[in-house]
Structure formats: C-alpha cells, structure tokens
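Shared between the two complexes below is chain A, which pairs with chain B and chain C, respectively.
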Partner chain A sequence: MKPFVVEKAQLGDLIDALSKEYEVFGPAQTDKGYYDWQRLDGDRLPEFNNGVTKSSIKTFFFPQPEVLFEFKARANEPDAFRLKEPQCDSATTLLFGVRPCDARSVTLNSMPYANDPYFQKRVSDTVIIGLLCSEGCSTCFCKWIGGSPTGKEGMDVAAIELDDVFFLEPISEKGQQILENVAPVRSPLEKEHEAAEHFLEKAKAQEGTQDTASTLRSKELMHLYEAGFWKQVSEPCINCGTCTFLCPTCYCFDIQDETLRGKGRRIRYWDSCMFPLFTQHASGHNPRGDKLKRVRNRFMHKLKYFPDRFGPVSCVGCGRCVRDCPVNIDIRQVLRTMLEL
Partner chain B sequence: MSSLNEKITKQIQATAKSMLDSGKVAAFLGYTKGTLPGTMQPFVARNAEEAQRLCWNSFCVLNLANYLPALLKSLEPPRKRGEPPPEGPLPRVGVLATGCWSRNMVVQIQENQIERDRVVIVGISSRGMVSRRKVEEFVGFQDITSIDEQENSLVVKGNGFEEVINRWDVIRDNCKTCIHPDPVIYDELIGGLSGDRKIPDRFRQVEEIESLTVDQRWEWFQKEISSCIRCYACRNACPLCYCPTCFVDDSRPQWVGKSIDEVDTSLFHILRAYHCAGRCTDCGSCESVCPMGIRMRLLTKKLQKDVFELYGFEPGLDLDTPLPLSTYKMDDPEDFIITDIKKGDQK
Partner chain C sequence: MNPYLPYQAVIDDIVVETEDGNLKTFRIVLENEREREKWNHTPGQFAMLSIAGKGEIPIGIASSPTEKGHLLFTVNRAGVVTTALHKMNVGDPIGVRGPLGNGFPVDSKLKGKNIVIIAGGFAFTTLRATLIYMLEHREDYGKITVIYGARTPGMLLYKEELKEWEARDDLDVYITVDREAPGWNGLVGFVPTIAGQVKPSPENGAALICGPPIMIKFTMPPLEEVGWKDSQVYLSLENRMKCGIGICGHCNVGPVYVCNDGPVFTREEVQRLPVEF
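Entry: the complex of A and B
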C-alpha cells in the first residue's frame, strides 16, 4: 500500500484532524512522572523515545470493568431481570505510537477471545498506529519470543520516526483509508523512502538470531513441572498482581453481578492468577493454594499451555513485568532456566 | 560498589554462613542481587553456599519481616490441623533487620505472628534506602543500564548519558523522615549503631495536606490514587497485612467492589491504611513496590502522626508497651468521639 509522511512540525495538526473522528491516545508523561497512555489533542502531543508505556494497550480492549449486560433488579418492575445490552460508548479509539510488542499482543489476545463479541467489537473500533523501534530497552526481549522491534503485526499503520518526519506505512485497509482522508500528510520524497529503508536495514542488522520460543516449543516442558527451580523462582514472590496487570497478554478475568438501588449489571473485571482467590473453590479447597503453584502456572500458561492450544508463546517481550516486579522475578531468567534444564 | 556496602555484604555472608553451618538457624533471610540496576531480590539462604549470594546495598526496599511468618511455618514439620507442634525447639530463621524492619518484628511478636525465640535477628543500622523511582525521575525516565553505588553518590548510566546523583537526594521519603534508623531488637549486630536522628519536621508532608480544605484534601486523595490498578502490591508488601482473608477478598458480605471504580479504589486505600493505625512503622514497603507511583504511605504517615499525638506512642519500639489500639485505658483520649456533651458544647 502507498506510504505517506507527516512532518514532525505538523504532528499536532494530524492529531487534531484525527481527533475529529477518534478519541486519540498516545504515550505521554503523567503527573506521576512516568509515561503512560494519555488522551491527545493538537496541544497534547505524544512523547516517544522512552520504551514501552507503564500500562499496556490491553486497557483499551479489556476495560476495567467491561459491562456485559444490564438489568432491572426489582421483581415488581416491568422487564425485571430481562438482560439488556450495555450502552456502548460510541466514539472509536485511535492509539498513536503503539510499539510492536503491544500491537502484537492484540493478535495474540484475539486467539482466546476469537468468539468474544465485547473484545472483538473493541478491536474493530480501534485504530492502531504503531511505531517501530530503532533499538531495544534493557528490559525488553521481543526477539526471543517470536516478535521483532520492527514487527508490524496487529497494526493498521506502521510509523517510522525519521529526522523531520514520521514515515507512515498503511498495513490494513482501515489504515490506508485513514491516511488517504486526513489532510496533514503527503507522499514521501525519494530520500524519505531511502531513510525508511535504511532504518529497517539498520534495525535488522542489530537483531539477534536468538529464537527462544522455537527452542522452548521443541522441548517437553511438562518434565519441568516438578522441577526444583520453581521454589527458588517463587520464594520472593509477594503474590501481587503487578506482573499480570501490566502484562499485555494476561487477559484473565472474573465476573460479578452488581446490584444497587434496583439496577443491576454483570461486569467482567481483571483477575490475576497470582491471587489465591483466582482458583479458590466454593468448598474452600484451592488447587493452587500456595504461591509456588501460582507462579509456576503463570509461566507455564504463557510458555506451554497457551502455545499448545494456539501456537505462539503468550508473551510479547515488552518487559513490563521485569521492570516493575517488586521483587525482581525476571521472566528472562525463567526462560533461560527452562531451556537449560 | 561502595566499600561500606562491600564490608556489610561480607559480614552478612559470614554471619549467615556461620549460623547455617552451626545449625543455629535453618534458613537465613536477606537480599541478593537483582537482574536490573537498582533492584534487589529478597532471598532465603539454606546452606553455606547459598549464603555467598547474600548482598547488601541501598536498594533493599521491601521489608523482610513480611516473609517471616510464612517462612517460619514452612520450616515446621508438617502436621495435621489441631495437632500440637512437636516437642523441642522448632527450626529458627536468621533475618536481617534495619530500624523499621526490627520494629515490625516487634509488632509481629506482640501480635503473635512470630515467636521471638525462633528468629535470630541480625541488626543493621540503616543509612536510608534509595527510591528507584526518584532515580528514574532524575534521569527523565530514560532506560538505565547500570547504577554503581558509591559511599554517598550513585553513578547512573544509560544509553548516551551518565549522571552522578547525590545519594541523599534520592533517598525514600520515609527514610528521610526516619528518626529510628537503628534496630530496636537484635541478637547480632553488623556495623555500629548510629543513634536516633533529630528531624524537627518529620510530619511536614502530612501537615501540608492537613492544611488544605476538606475538598482540596479529597481532590488530592482522588488524584493520588487515580492510577491504582488494584494489584495489591502495597498490601502484600506490608508485614502488617497477614489476615488469612483480606477484607477486599471477602465475598459474603462483599465490602468492596472489584473493578477500578473510584469509590471501590478509595475504600480499599482508606481501609488498608486504617488497618495499619498504631502498627505501621513507616517502613515504606507499600510505596516502594507500587508499580503506579502512588504515595499511599502518606495515609499511614498521617495515622502515625495521629497515634503519636493522641497516645504518645510509636509502634514497635519495645516488646513491653502494648499496642494502643488493642488496649483499653480509662484515660484514653476520646476527643474525636462525638458525644452528647460535645454536641451541646457546639450549640
């Protein structure tokens, strides 16, 4: 598809133009200091060059909470307990500057959520303008697990940051249409084409050949189920939800009916396999009652059970769990250990 | 590595080794190096070889007392519910303790969560721990590839930058206002004691918020917790939080809603803080582990101030003074209780 460019000086105009049709979000500094997804407009521009944002883009696809349906909860009212579709916010979302790891997470999450109308609607209502990486961070490892700093999976448009412009390559029909109909973009000059090519070649040259995912797939990992290293890995764990809640490919949820003053709704909200309650049975029995079992399950789910069912490893290598784990449990170390054993 | 940290590390390793070798303890709880600059990992050494992995620096931010009850229990021989413990002493744990960690151990002993004779406390006077977030902020949240701690500075390097940061500038807020850096109970001591510190304005952060109007305070609180993702890292990093079922996990009745509705998040933070009243030692674990940078420690600091003003009490300073909120005295202050007489006064 035909690429475009936008001058950096005109980025504000582009965001403004896109804001007419979309709620535009991008990485920007928060009042807490770190970079996270923020609502953008012509005056609030995205800020890049800081690796991945604090939160992953799953916050846009798995809202906290997702209202599944609503109902009247007083028996004497007409239509009592009849399920109604939730009122959906009509605006569509455009995410500007999504890194390849985050964009790829949408593809991976679409596998278990293939038949989930809520997730699928949000995916189809969202435009992802990706931003390819020129270099990795100290915590990211997308190359290990089937991704790439220049991967375009899951994107509608793939952007490359050059000196004065962003080079915009449409990936999907949706992306193509948006770029064709938005004013502050133009066709790239010959030298901009060359610079984009150069960017990709340079990034490719830096890419290693380490493909941990394939090696892992070829191993019989169930032999490691009872391995001793899980005790060492899980010993410092405090069983918080930081890893799972910041992870772009952790999608587990719980469901609850909330009723208040005659109105009821069923909500779906984030749950974490790190919490004891996640697997607690009504009888009181808990099949994953201690933290070793929970920590093992998190890694085994990502690296064994998910690939068994869907193919790829359920991790995009963004490194958020590595960066923010309060006790420094590092999935890269776990991967290495699993390969060595 | 600073020579001071190197010295302490060697002493910790030697102490742990000798305790493990002699069978005085079955496990030694300390810290080992993390995989990222500015991170340390809580670590349990169970033999002399593992003791060599113990390490010390200014990034030991999670209160080790947190691990003690479960670790002690894991060392007991397995037995059925209701069965009495075996005769003779149970296996002991060696544990490092700074001022606040040791004070939390005192609270744990007072609240019957651990037994004094099952812990061998190795005291270290704290020079204050560094806030990794403050370091990140200092370098504009650029990717940090190495942090080298010197005696009084940190050399922070990343792709295309190198900064030398004064250590005290990036010390955690709780450590900056700490007046009890020395361990209050210990069986062995590493390094010397440094004595209580005098900090005239140690409640300044709280007083600033107290000086706001009710609406402004509410606004401050809402803004502070707006980024909460309900991961419960603050709760789980706290040595005071040991309830078998936390109030947020109760389902019959369900006290708190489950999603990040602001009412539910507010309720969680307020209740969590109140559960720590008169028990919190301001160790700063909660704030250090929060992935979203919420300063929830200011809530418990306010309660610490209230308890200090009302009861003249600071938690965990000695084993003999009972905790004020689990004790009744005839002359307990009750100015905050709205009585008929008080209502009459106001008319």
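Entry: the complex of A and C
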C-alpha cells in the first residue's frame, strides 16, 4: 500500500480534517495529572511521550456502561417490559497514536467477542492510527508475549515519528482510503523512506524470539494450577481490581437492569474477578472465596486458559498493571515462574 | 443476531411444588408462533429467564423437547431475580434466552445404554426433562433406573408424575426421603445409602447424577464399589452466570465455561478440572 507523510507542523490541520468525519481521540496530558485519551481537534493536539496512556483503549470498544437494551418499566404501558435494542449511535471514532500493544489488544479481545454484535460494531466503526515505538519503558514487555514495538496488528495506519514528519503506512483498506482522501498529507521523499526503514531495522534488532504462548500451552494445566508459588504471589494482593480495570485484555463484564421513573435499561459494564462477589452463588457458596484462588485464576486465565482456547496469550505486555499495582505484584515474574515450571 | 436478546414469552401456569413454597414450576409459552415452533432443546440444557428491571437467572429446562408448545422451569427462590419471579402471576410477561449449554448426549453417547438417574433435592429438574425424553424414545435405551431423594416427602418435586413413573413396568423407580415421616410408606435413607442398596450394574451403563456437591461426593463410593468408572458418570455443574454464552468470565471452572462447555461434564472431565464450582 502507498505510504504518506504529514509534516509535524501540519499535524493540527490533519487532525482538523479528520475531525470532520470522525470523533478523534489521542493521548495527552489530562488536568488530573496523568497522560490519557482525550478528544482532539485542530487546537488540541496529541502528545507522544514514550510510554502508554494511563488507561487502555478498551473503553472505546467496550464502554462503561454499555446499554444492551431499553424497556418501559410501567406495567400499564404498551410494550411494558419488552427489551428493545437501543438506537444506534452512528458516530465513528478515530484513535490517533495507539501503541502496538493497545492495537493488538483489539485483535485479542475479538476472539472471545467474535459473536458479540455490540463489540464487533464498535470495531468496524473505529479507525486506529497506531504509533510504533522506538523504545519501551521500564515496565513494558510486549516482546515476551507475542507482540513487538513495531507490531502493526490491529492498526489501520501505522505511523512512525521521524525528525520532521510522521511517516504514515496504511495497513488496511480503510487506512488507505482515509490517507488518500485527506489533506495535508503528501508522498514521502526518498530520505523519509530511508529514515522509516532505518527505524524499523533498529527496532527489529531488539526483538525476542521466544514463543511464550506455545511454551505455556505445552505445560500441563494442573501442574501450573497446583504450584506452590501462588501463595507468595497472592499474599500482598488487596483485590483492589486496578489490574483488571487498566488491562487492555481484561474483558469480563457484569449485566445489570436499572429502572428510573418508568424507564429501564439493561446495561453491561466492566467487572473484576478480583472481587469476591464475582463468583458468589445466590446460596452464599463461593467457589473462589479465597483470595489466592482469585489471584491464581486471573493469571491462569490470561496465561494458560486463553492460549489453550484461542492460541495467543491474553496479555499484550503494556505494563500498566506492573506500573499501577499498589502492592507491586509483577506479571512478568509470574510469567517467568510459569515458563520455568 | 443478538445473543443477548431474549424471546418474549408469558407465564402460562404456576405450580407450587414443595411444602415450604420455595420451589415453583413455571409453564412458559413463547409469544411468537414461529419462535415457538422453531424452539428445540436437548435435555440438560438451560435457559436464561429474563425479568426486565430485575435481571436474568440461568435455570435448567425441566420439560423435554417432546413436550411441545411450552417450557417448564422449576425455580428455587434464592435471590433478587428468583424472588421477583416468585411474586409474578399467570399472564405476566417474561423473557427466555436459550437454549444454552450442552445438555446430556441423549442422541449419541447415551443411546443403547442402561441409564441410572440419581438426583437429590431440587436438582431433579433437568433429569425430569431427560427421563421424559427417554421414555418417549424408550426403544433407544436399555434398562432405566431412577433414584431420587429429598429431605422430606413434602420437598419432592413432580409428586404426581413420580407416582405415574413408579407404576410403570419399563423402569425401576426408587424414591426416598432422608428421615421417617408420618404418612410416608416409601424408602427412607439418604440418596447415597439407597444407591448403595440398589447397586446398579455398571454393565453398559451411564449414570446421570445431579444434586448438591455433598450428595455427589457420597454417591460415588457405592457406585465405584460395584465397578462404575468416571467416564460413565455424567454430572451437571452450576456456577454464577451472567452472559450464558462463554464471554463474561463469571462461570469458569479453570479453562471451561459451565454455561457453554457445560453444564454437563463426565466425572472424568471434572476430575481434571480445578475445584472451582
């Protein structure tokens, strides 16, 4: 596909042009003091620090709450208590500056959500312009679990930040269409092509070759489950749920009905297996009433059950859980231990 | 096709099954004629009963697919949604999402086998569906034995049908209660004890066992003593569910989702899973 470039000085114009057709979001410093996804326009530009945003992009595919159905909740109304799908909001979204780890998470989440019409609609209504990484931060580890700092999985366009321009390589038909029809992009110069090549080569040299997913798949399930080290891993956990909320590939949800003044809706929103109520039966019996069981289940799901079922590991190595876990539980250590068992 | 959207249905009849009033059987009829005719399920499958404004509950389908035109669900009053359901009346609207899960392999692995159905308490529901299906296809199965027990005579489900089944000569029925009770002339003893007395032969046999975990735990030794293997025993597991289609994460037992890979598993499969149910 034909690549383009955009001058850094004209980035604002590009965002402006894209905003005519899409709701554009990009990473920027928030007024809360951290770096996260913000609505962009010609004046509000994305900021590309090294590193991932506070939260992942799952909120764009899997919003909280997501209305599954609406219904009338007064018994005497016609159609009372009949569930109806909500009116489609047809806004299309464009995410500018998605790191390879986050882009890959959309592909991974699509596997369990293959038959989920709500999720799939958002995937087809969203454009991802990714930004490849020149170096990782101290907490990220995409190379260990099937990803790469220059990975393009899940992207419509892959961007590389060069000295004066952003090199834009379309990955999907959608991406090609957008670049061909927007100003102010132009064809790359010879030296810009070379700079992009050089960037990719340098990054490739850092890549790991370990096929972590197949090593984990080959391990015997109960051997991992009954290992002694889970006690030490889970002991400091306070079941706060931070890991599950920030993780791009944690996708569990709860469904609840709400009614207010005669109107009702059935919504879903993120749930966390870190909370005891996650598995509690109405009788009071709780199969994972122990904290150790909950912590072990989360890691086993992401690093063993998911790859056994779908192939890849349910983790993109973004490092958010490593950075923000209040008790410093490190999934990299858990992974290393499991690989050596 | 939206897998979260229930079929619109209505409550057609309500029967109180137990003396404490906590178990009711709801007869539910799908509103749309085409959906009603297209509905087909395998005994052992369940459906989500949906009450708009309260939520959904996964309930085993107590009726056989051969009982056309309606669905039966026997529901225990336990939490928010079941309490709301118990307060509903004939004629009230309700949603049904299903059939979900895998069901018992009545058309494959169980065909030609000698079937032993063992149930305790109100776990008998999907086994009623299975038994009626098998009786409708009687030549497809060998000997059929039913061992069913409850705490007291008043807590037995489907009392009228139990009498009909006891009267038939093409199946052996053993109904028991935990303790002696006034007016009760049948067997007395826990289900595992009765299983130990009946000693069903494992020869070309398949056992379908549903009940509280403790009942299953104590029923296995008398069966193993007469030679039953774990691969011949089918269990139906339960867990907290939300989506019912293997996505939301609540019902997993290790790598399997009870709602989608189950709820029916052989004991051999269950022995290889973590005990998280």
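List of remarks:
Operating definition for what follows: the second predicted complex is superposed on the first by the 337 of 341 C-alpha atoms of A that agree within 3 Å, B and C clash if a C-alpha of one lies under 4 Å from a C-alpha of the other, contacts with A are read in each partner's own complex, and residues count from 1 in each chain.
We adopt the following convention: a contact is a pair of C-beta atoms (placed from the backbone, for glycine too) under 8 Å apart; a residue touches a chain by one contact, two chains touch by 3 or more.
This is a predicted model, so every value here is computed, not measured.
Superposition of the two structures on chain A leaves chain B and chain C fitting side by side, clash-free.
In the superposition on chain A, contact is made by A:Tyr34 with chain B only, not with chain C.
Shared-chain residue A:Asp254: touches chain B and chain C both.
When the shared chain is aligned, no partner comes close enough to touch A:Ala183: not chain B, not chain C. In the superposition on chain A, no contact is made by A:Cys88 with either chain B or chain C. Of the two partner chains, neither chain B nor chain C is touched by A:Leu339. Annotation: apex chain A, arms to chain B and chain C, angle 90° (C-alpha centres, rounded to a multiple of 10).
Of the two partner chains placed around the shared chain by superposition, neither chain B nor chain C is touched by A:Ala9.
After overlaying the two complexes on the shared chain, residue contacts for A:Met1 are found with neither chain B nor chain C. After superposing the two complexes on their shared chain, the closest approach between C-alpha atoms of chain B and chain C is 7 Å.
254, 256 are the residues of chain A that lie in the contact sets of both chain B and chain C, per the superposition on chain A.
Within the complex, the chain B residues that touch chain A are 34-37, 39-44, 62, 66-67, 133, 136-137, 141-145, 159, 223, 227, 229-233, 235-237, 249, 257-261, 288-289, 291-294. Those residues of chain A that touch chain C in the shared complex are 68-69, 71, 73, 80-83, 85, 112-113, 115-117, 221-222, 225, 251-257, 259, 264, 266, 268, 271, 273, 278-283, 287-288, 293, 297, 300-301, 304-305, 308-309. Taken together, the chain C residues at the contact with chain A in this complex read 1-6, 8, 50-56, 78-79, 82, 93, 95, 238-240, 242-243, 245-250, 252-255, 272, 274-277. Contacts from chain A toward chain B in the complex involve residues 29-36, 50-51, 54-55, 64-65, 135, 137-139, 235-236, 238-242, 244-246, 254, 256, 258, 267, 269-270, 272, 275-277, 322-324, 326-330, 332-333.
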